[in-house]
Amino acid sequence: MRTWLTAGRVIRLSSADTPTTESSEDVVEAVRDERREALAERLTTVLGDAVVETHIRPGDDLWVRVNREAWAEVAEASRNRLGLRFFDFLSAIDWLPSPFGRDMDAQEDLDAGASSSEPAPIVTGYAGGDTRFQLLARLFDIDEHIGVTFKADLPDEDLSAPTWTGTFLGAEWHERETWEMFGISFTGNRNLVHLYLPGAFEGNPLRKDFPLLARRVKPWPGIVDVEPMPGADEEADGDEAGAS
Amino acid sequence: MTVTDSQKMAYVAAQAADARVNLQFETEDGMTLNMGPQHPATHGTLRIVAQLDGEQVVRCEPIPGYMHRGYEKLCEVRTYPQVTTLINRIDWLGSFANEVPFILAAEKLMDVEAPPRAQVIRTILFELSRLGNISLFLGDLGIQLGGITIGFYAFRDREFVLNQIEAATGGRFHPNFDRIGGLKDDLPKGWIAETHLAMERMRRLCDEFEELVLGNEIFQARTRGIGVIPTDIATSYGMSGANLRATGVDWDLRRDACPPGLSYDLADWKVWTHPDGDSYARTWIRLQEVRESTHIVDQLLDSIPAGPIMAKVPRIIKVPEGEAWVATENPLGEMGYYVVSKGDLVPFRVKIRSASFNNISVVPWVTRGVFVPDVITILASLYFILGDIDR
Amino acid sequence: MPKVPGMVKGLGVTFRTMVETLKPSGGPATVQYPHEKEEPSPRARGVIALHEENCTACMLCSRECPDWCIYIEAHKTLAPPRRAGGKPRQVNQLDRFAIDYSLCMYCGICVEVCPFEALFWSPEYEFSEVSIADLLHEKERLGEWMETVPDFEAYEAGSEAKGKKVPR
Amino acid sequence: MSGLIFAIELAYWQQTLIKVLVAAVLIPTTALILGIVFLFKMMSWMQSRMGPQEAGPRGLLQLAADGLKFLQKEDIIPDRADRFVFKAAPVVVLASTFLTYVILPAGPDLVIENLPTGIFFAMAVSSLSVVGVLMAGWASSNKYALMGGLRAGGQLIAYELPLILAVMGVVIQAGSLSMQDIVWAQADGSMFGFGGLGLPFVITQVLAFFIFMAAIQAELTQPPFDMPVAESEVVGGFHVEYTGFRFLFFFLGEFATAFAFAAIAATLFLGGWWVPGVDPNSALANVVGPIALFVKIMVVAFLIFWFRFTYPRFREDQLQRFAWKYLIPLALANITITGILVVVL
């Protein structure tokens, strides 16, 4: 039975100033992932300055953050020069903490406006990031069985990136989905039309500030609805705190 | 919500393009055939707009979204245990297989591993859901091509597999049986023997399919050389599973990149490939896969170790901060979850990479110049579940 | 031996199946539903039954429900002491326990999280209604289903799971 | 021979009335019989099911119940349909079926009209249905219907040829176009000097029999030639817009035509109403004849439906190729060989 070598232990998120390979070496000295390190090296050589940051979780995966401008070249070089020919997916992440919470903690959380006025700080994941939106894509090498997750920062004022459709035909649908779900446009994708949503849909549903109506129109039934006796104990309230 | 000018422009352009799809199809030369959203060939609500020249397809555009349920958004408001009840509705024919990669991703983030017994049973159920899914493919392909009898045989024998899934999990379609750190319950008594019998039935179905459909000269005339997809195109579209193996790529995630938590290494089995890349090859691969699958189940059933089925996990599951990508070889192809956790009860972001979405995006490419009946053949042989496209 | 054409083999398959269906030993794969019923397996998740005496209105099921389809109302009351001479206990008296089966996804999370074994799965499946609003079942109806809850099955060899008992 | 048992002299109008009544009862009944026995029961058994069980004993009245249901349904005509043609199309299809029954002999005297060019007439009127199908496809103002109708048109015309050419072999051997004469020719024939079994033409015309079976399968638009009505692509084809009793017309037409074609095949190749051992000149033949014919029809129909439930369907171009490149040359070869043998022997 195989196990994750250090999975879960490296939960500290890497940042720009700490080299990621070291952070895993702190924990377990022996664990190094030479295949992924070599691939990261090759990626850096081929792409040059386009690579902003890499992150390796040994035995698991490789994350590479690239420049948005070089987004199309990344695909082209990965496919044609690095053998990452299999297109897995392309999507995005909105790192904004949800202004709505989970809609199921307490009654006052339902008031959306109050909490979104003071947004929580944005914390990005592996391979770092400086912006709210990040592109997320994954390519795979079907001969070497090794995959790379690419990320790219997108500044809020210009949510667009070069298209991947020139390299990966399958990226068209993924870009259409990302476009309608996050409002990120892809220059060069001429068929950027709604894929899932009806034509007149407004808003970008997967953005964190897009409310999920199903959870807004109905109160959470989990709120304790036990009428207390005079001088009631705190048992039920304690329970609630434990669950939330 | 800040809407920049470029976004506005993109939105307007998209509106226009959206309108153009309908308009263009109607005004250019030739006829436009609108199949779906309600159409027998699109089992589900896929809409296919085909521009025809006589019987020949000039352009064909699948339009999904009639069943989009927004699972990626819904996952963000559900706790980890709640998510599995949702995601096993993605590919509703192989629903247990949908739960596994998500659970494995969560286990990876938590650094939990299921006990060996749970891993083996999980693998068996994974394969059973593959059987339940692909056996329906075998029947459905026959129905799409006009031979309805095999459809009934498939439903008849699939019942045995579903009964076994139900006997173990309680749910025929939506087991919701996989848990972070193991399984919900152990197997009931007598289950192993009955599953062996069900595997026998499935192998018989394979033989019947081979005699009734695959060996039929009409079927071969309908599928051989139809919808040929070369390897390069397949990888470029991200096609996976049997569709990719039918183009000659020897790649199976169960063998090549099996995530910990599934015990495929305990069984002796073979990955089949076919060099042709046509509809026949895809069918043939799936037929062989069903056979291999029954052998995997048979072997694993005899090697279930004794022990607990649940690892030690806290009652209230909070997944540590991190990102994890786990993909498994689901009945329809590679299904993966990119889970981003912020150390909360709920996942921060779940990107669901479903197999059918990529598999079907190749349709505009592959249907150029084929005949209308071939569109049906190609769609049926690419094999999609609508929930897996729309999510 | 020359190869039999596939078209002839196919005819053989259908003919064989017809003979098998008509043979007394074979028979059809289907049953005539309202007259003849197939027994679902004991674990089948048909409907959720409530053993009202065990429920403490702790709201756990209602909270863990992904669809928010369980509604619980209760009030505090005094129950007679467990031992003679003891103080009367304060308990939650259930006023309302309703499951909206038109929302329920039959995932079983509520049954699983219930710490007091008040919820059980019953394989009963014949509870369809003409109107979708009628699928909201209150605790009386949920309690009736307790009779249909089967005993827990024994486990397969090698299992370490402990069997539970259904309160009757 | 006429009047062996019907010694009573009837006026022409009386005869006509009887014939009309017989036809009006017989034709829907035959369709019902085929529908129940094969579509409901045999298909179910071949698919490990029992078929309908509720209506009547063992579900035998299911088709009658379905017919009643169709009559109750709303008659919907699409807005943009050509109303007159739309309404006329099922009638044309059904008329073609009715006319085919005219020449079917069920006994030495049991025939509605013993035309001297019987089989020629049958072939002619059966191709009339193509007009009805095209009318339905065109008038429905529906793309599926149009495609289905045109596919059906192309297919029916293509398979008309092998059908007729296959019949030619029989006609040459029998030396007559009359259905009765063809039966008589088989009854009087002998195999290697042994006349006890007569000479069903299926023995000498085995190739023609297979071509004929393939062609009627296509004429009936049944699998493997059901591309015009393929429910998985054109969703029923030309009758997609029809509801209620108009659909019932198509349905009845399909099965009654299947019965008629099976009867023609039984007559041409299996000896029709003639049974070995029964003197065809005796009155008994008029009693045994219909039964024998029915049994033979059921055998042929079993084959038709057996193929139907087993095979997937050809693509439109493939079935055209099959007709023009294989069936027609084979049929022509059959005619040539038959002609030579008839002259030589």
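A, B, C and D are the chain letters, set down in written order, and residue numbers restart from 1 in every chain.
Operating definition for what follows: a residue touches a chain if its C-beta (ideal position, glycine included) is under 8 Å from a C-beta of that chain, and two chains touch if they have at least 3 such contacts.
Note that the coordinates shown come from a computational prediction; the quantities given were computed from them, not determined experimentally.
Student: Weigh C-D against A-C on C-beta contact pairs and write down the one with more.
Tutor: A-C
Student: How big is the gap, in whole Å, between where the Cα atoms of chain A centre and where those of chain D centre?
Tutor: 66
Student: Would you kindly tell me how far, in whole Å, the mean C-alpha position of chain D lies from that of chain C?
Tutor: Here chain C and chain D have centroids separated by 53 Å.
Student: Round to the nearest whole Å and give the separation of the Cα centres of chain A and chain C.
Tutor: It comes to 38 Å between the two C-alpha centres.
Student: Can you compute the centre-to-centre distance for chain B and chain C, using the mean CA position of each chain? Integer Å is fine.
Tutor: About 27 Å, centre to centre.
Student: Would you give the residues of chain A that are in contact with at least 2 other chains, written as numbers and ranges?
Tutor: Counting only residues that touch two or more other chains, chain A contributes 104, 243.
Student: Which residue numbers or ranges of chain B touch two or more of the other chains?
Tutor: Expected reply: 149, 153, 156, 212-213, 216, 218-219.
Student: Where does chain D touch two or more other chains at once, residue-wise?
Tutor: As it turns out, chain D has residues touching two or more other chains at 46-49, 309-311.
Student: Using the contact definition from the top, classify how the chains connect: line, ring, star, complete or other.
Tutor: other
Student: Chain pairs in touch?
Tutor: The complete list of chain pairs in contact reads A-B, A-C, B-C, B-D, C-D.
Student: Quick check: in the complex, which residue numbers of chain B touch chain C?
Tutor: 78-79, 81-82, 84-86, 117, 149, 153, 156, 159, 163, 166-172, 174, 176, 184-192, 208, 211-220, 304-309
Student: Please output the residues of chain B touching chain D within their complex, sorted ascending.
Tutor: Interface residues on the chain B side: 31-35, 39-41, 55, 142-149, 152-153, 156, 212-213, 216, 218-219, 221-222, 371-376.
Student: Spell out the residues on chain D that touch chain C in their complex, using ranges where they run on.
Tutor: Contacts found on chain D: 42, 44-50, 53, 306-307, 309-311.
Student: Can you list the chain B residues touching chain A in their complex?
Tutor: Residues in contact with chain A: 1-4, 6-7, 10, 13-15, 17-19, 21, 64-65, 68, 70, 72-74, 76-77, 108-113, 116, 119, 232-233, 235-240, 249, 251, 256-257, 260, 263, 316, 320-325, 327, 334, 336, 338, 340, 342-343, 345-346, 349, 351, 353, 357-358, 361-362, 365, 390.
Student: Which residues, counting only chain C, touch chain A once they are in their complex?
Tutor: Chain C residues touching chain A: 57-60, 62-63, 65, 68-78, 90, 92.
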